[in-house]
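Have a look at the structure below, then the notes.
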């Protein structure tokens, strides 16, 4: 299989990050891991956006991924990180396959609100689960990776490496997916469902597959967050978290598979600095940054890296 | 000649409004049929019912000998029934080539492929061919938004033909196109149709175009087919002249004579 | 948009991003100054918990920190600075949930190079921070969070401390206060915010009531959502159950709103309210809570502070600065800062004491504070033992005060080491000492 | 039996509050197609304005109930109209024609900004303006008590509902607005000053939000973050009823109100889910809400 330019760059950047991480301070490694995990969930939001759907409930899958890691470690005695991530993907896929039957009937604000409702119902269930610590959540067990047990101080770097590998695999896949028949079919549905049907394509089926894949990708993001942060709690399913994902998706734009990663990193850095420099006004700074991006870069930060004719107007 | 489409007692009501009433039409393979009628006469309703966009209130439709009532556009497309639209239904924010590539991948039943790019060399070649045939190849890499109306109409029809249909329903292919362009457009389309040997049914307001390209006319008024027959016979009919064409074979139409 | 603009923007953005990563990398490498001790202070600065808890706590901490640097605290804290070092604080907003707090914690430790971290009002944040503090070997004091799971889930803590009581003490104390002052009450109801704090509080309270007032019947519990604000329907639902006592662990604006509405609706004339965190409303109710409403302050804090030199100084200094007496979150923050000063001053270190030195000093220590003497006796010397106080609200001529105040020693309300708190209550408080 | 009464009374009281909160949201969406996430912030602004004005009035030794009500009305209307004007003229105007979802995100940014603006103006200490609520008194039904202030809120809600209906259905401006709702381009072509109508609509919607906050202020302790809490609630009501429909908002509010009261009185454990469950159930059977209409694509 011949690799194209984007793929080479993605692999190159991943390797560069992996090398740089060896010399980076621990906090940067951690922030990077969280940013990559967040970007994966955002990637799911972007997948839906490309099909014209905006989810205010992607936190549902983020949370399922996180809790699968937490519960799998605690009650099933699974410690291998990859198995835990896989468990999250399986659980999430099953849930998404059921919800998808319903969700693909909805568009626009109704899709947004219904996805929000389901996410909040999971939030409610977890809040009611006193045995799981309710809103306090619980800690994730110490994990291993393919038989390797990260020692003291290695966990953060190991988590980053795992996140990098998973994110790279997903990014390579999605880079192809976005240009594939189904990827284009998603965009076609955003543009015109009637024509899609008249082409002989079932828009429901396309949306369904896309929805389930987006959920699975989001679950990986949630699992990685849980492995890195070492704690899960129901906030992961709360609607403001989902709103944050949409925020980052819009910040980055839907133009390229790398956009969510850059946007998530910028978002994290802006927020960290804002929290530090103006602990009483960081929300305002975030809001203003968002407005400026929407005003001057309507297609997101990624539009700075492309020079498509007429795209900026 | 074998029969390809037959409707019996086809009707459609919107509440108390009758959009189509008791339409009985039989069309044979290879026929080029014109559909005329004033605005609101039921032409588009008829096409929408035949192509599965609107479920009929009553009646039956058979395509190629088998009943197709209740099937949606997708299934009918797979059976060989394609259509174009009065307002071209295109993917405005996608390049022209992708509009065609998606249609081609669907025609190959490969619309769910996830890894292979939609723009395969074969599809690009096929797209280039039809673009050339339609005379819009210079828009190949443009967004649809950059195309003028006439080119969009052609692209819309091209997409319909990519599904390898046996019958094509064209809904006002020349509406919104300037007088000078109309004939070029229709020549291009009809040439492509002839090459593929398609059965065509098209809605048209311009009687000169109708006379020039079709062999048979269905005249609609108030949701009913008031006359069905060879061109001259229908256009000479008094009722058709009164309700559809006006005395001088001209329609009281918005476009007028540019 | 012209084509120049994006290119310019792109260049600016890229350089900003590169520069910031570079600066941050450098900052990571640079060492903190030798003559200051840097402490990260994490508290709610936004959201619903900021007004009643987060900001007063930050203010309380700030007053003590300033006094430490000026050397104006009463003895034994009258030396300037901590271990002779200027105390510098970095305040961080606790909003955003545990995952974000773990990230901010790492930033504090590794980028800001703080020498200690004090903070955390939310139990969820405490639970998430505990293991990270241990992993990063950073001296950390939780000043307010109340979950009893903190040290139950942290095996053999080395660096994590808590200078406040857990919520078990609040609710065992509440049950004891009821048993003493309202022994005949039969119909007990509750209203709790629908999240871990509310659920834990109600569970501990009902378990303790089964032991202490077995005759009393638990008839209803309402669980409105946190920050809901209006409780009309819940109040009706409570009224139809005709309770005599209403236990509530609601806090802050929610607690005040509930009291106001329940009072206006007459519910508080039908039943006495017991508010485990009610002290924070003492000077704010303005007579809108009926006299006899039972208030707790999560220990000897706020208005429950015993009279000693430190508490008098703190009360005056806080009131002079902010116009109202300190509420319990302010006192608890002050106590945590004092614990830090105690640990630093007595660490015997030259210059900046290490986390190990601080932890070794504070472990099992006994230090004077605004709440009297604090003994770090539980959880292997990492958890404070303090008495629990309850009293009744009394409002007359525009002045609010606490009457009928009762205190319960630490051993009376907190489970001894080795016991799961709920198990301890269920088994009838083995090892309890209430004298 | 007492419980049934309680459910009905509580349900309708809560429903009228919900309607007050949701009305402005649905008006703005109906005319402008903007789902305003900052609506909760306008609610909070109204609450802060009313609470601080009331605090000032009572600190002056005022004790007239009707003056207190006038203060609530004036402060809420002023702050709602002014901030509505600023947001529409200063920001939204630059963004018209963008995607509906993008407009939603823009108002989300406004929400973030307003949250901190309010914190900078009013601080984080709770505002507590209880006097009007307490002064209105209560009456008893057996052990059940009903606050007369709540009844006043209910009356206000009915008045505002009827007023909105009259405005949209019976006035000249309402006719123009309905033409905009029906087809913006056509009405623009017919000479309607759509921009002016948008400004007015947004100001009215914003003012409705502020009024909801203003009348709630005496019932609650006004703290940072109250705005965020009501948004999802208002969204749920409006989506359940059908976006842009005043009748829908009213019916949605009643359904949610009664469902919630029933749950609190009979199964308090389910309260957390009830609103989302109602919304999800309605959407399953009516994908555009109870009174919402599907827009068909022209082909």
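As written, the chain order gives the labels A, B, C and D, with residue 1 at the start of each chain.
Criterion: a contact is a pair of C-beta atoms (placed from the backbone, for glycine too) under 8 Å apart; a residue touches a chain by one contact, two chains touch by 3 or more.
Because the structure is a prediction, the values reported are computed rather than measured.
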Please indicate which chain is farthest from chain C, where distance is taken between mean Cα coordinates of the chains.
B
Taking the mean of all protein C-alpha atoms as the centre, the chain whose own C-alpha mean lies closest is A
From the C-alpha centre of chain A to that of chain C, how far is it in Å?
34
Distance in whole angstrom between the CA centres of chain B and chain D is 49
Computed distance of Cα centres, chain C from chain B, in Å:
73
Specify, in ascending order, the residues of chain D that touch 2 or more different other chains.
115-116, 119, 269, 272, 299
Each of the following residues of chain A touches two or more other chains, namely 127-128, 192, 194, 280, 282-283
Multi-partner residues of chain C (each touching 2 or more other chains):
45-46, 194
Would you tell me which residues of chain A are touching chain B in their complex?
173, 176-177, 179-185, 187-188, 190-192, 194-202, 205-206, 209, 310
Touch list for chain C against partner chain D, complex
45-48, 50-52, 54-55, 194, 220-225, 227-230, 232-234, 236-237, 239-240, 242, 252-254, 256-257, 260-261, 263-267, 270, 284, 286, 288
Chain A partner contacts - residues on chain D that touch it in the complex
35, 91, 94-95, 98, 100-102, 104-106, 108-113, 115-117, 119-120, 228, 232, 235-236, 239, 243, 269, 272-273, 276-277, 279-280, 283-284, 287-289, 297, 299
Chain A partner contacts - residues on chain C that touch it in the complex:
1, 3, 5-6, 9-10, 13, 17, 20-21, 24-25, 28-29, 45-46, 90-93, 97-99, 102-104, 106-107, 109-112, 123-124, 127-128, 131-132, 135, 147, 149, 153, 194-197, 199-200, 203
Residues of chain D that touch chain C when the two form their complex:
2-3, 6, 9-11, 13-14, 17, 115-116, 119, 123-126, 128, 130, 133-134, 138, 140, 143-147, 149-150, 216, 219-226, 229, 260-261, 264-265, 268-269, 271-272
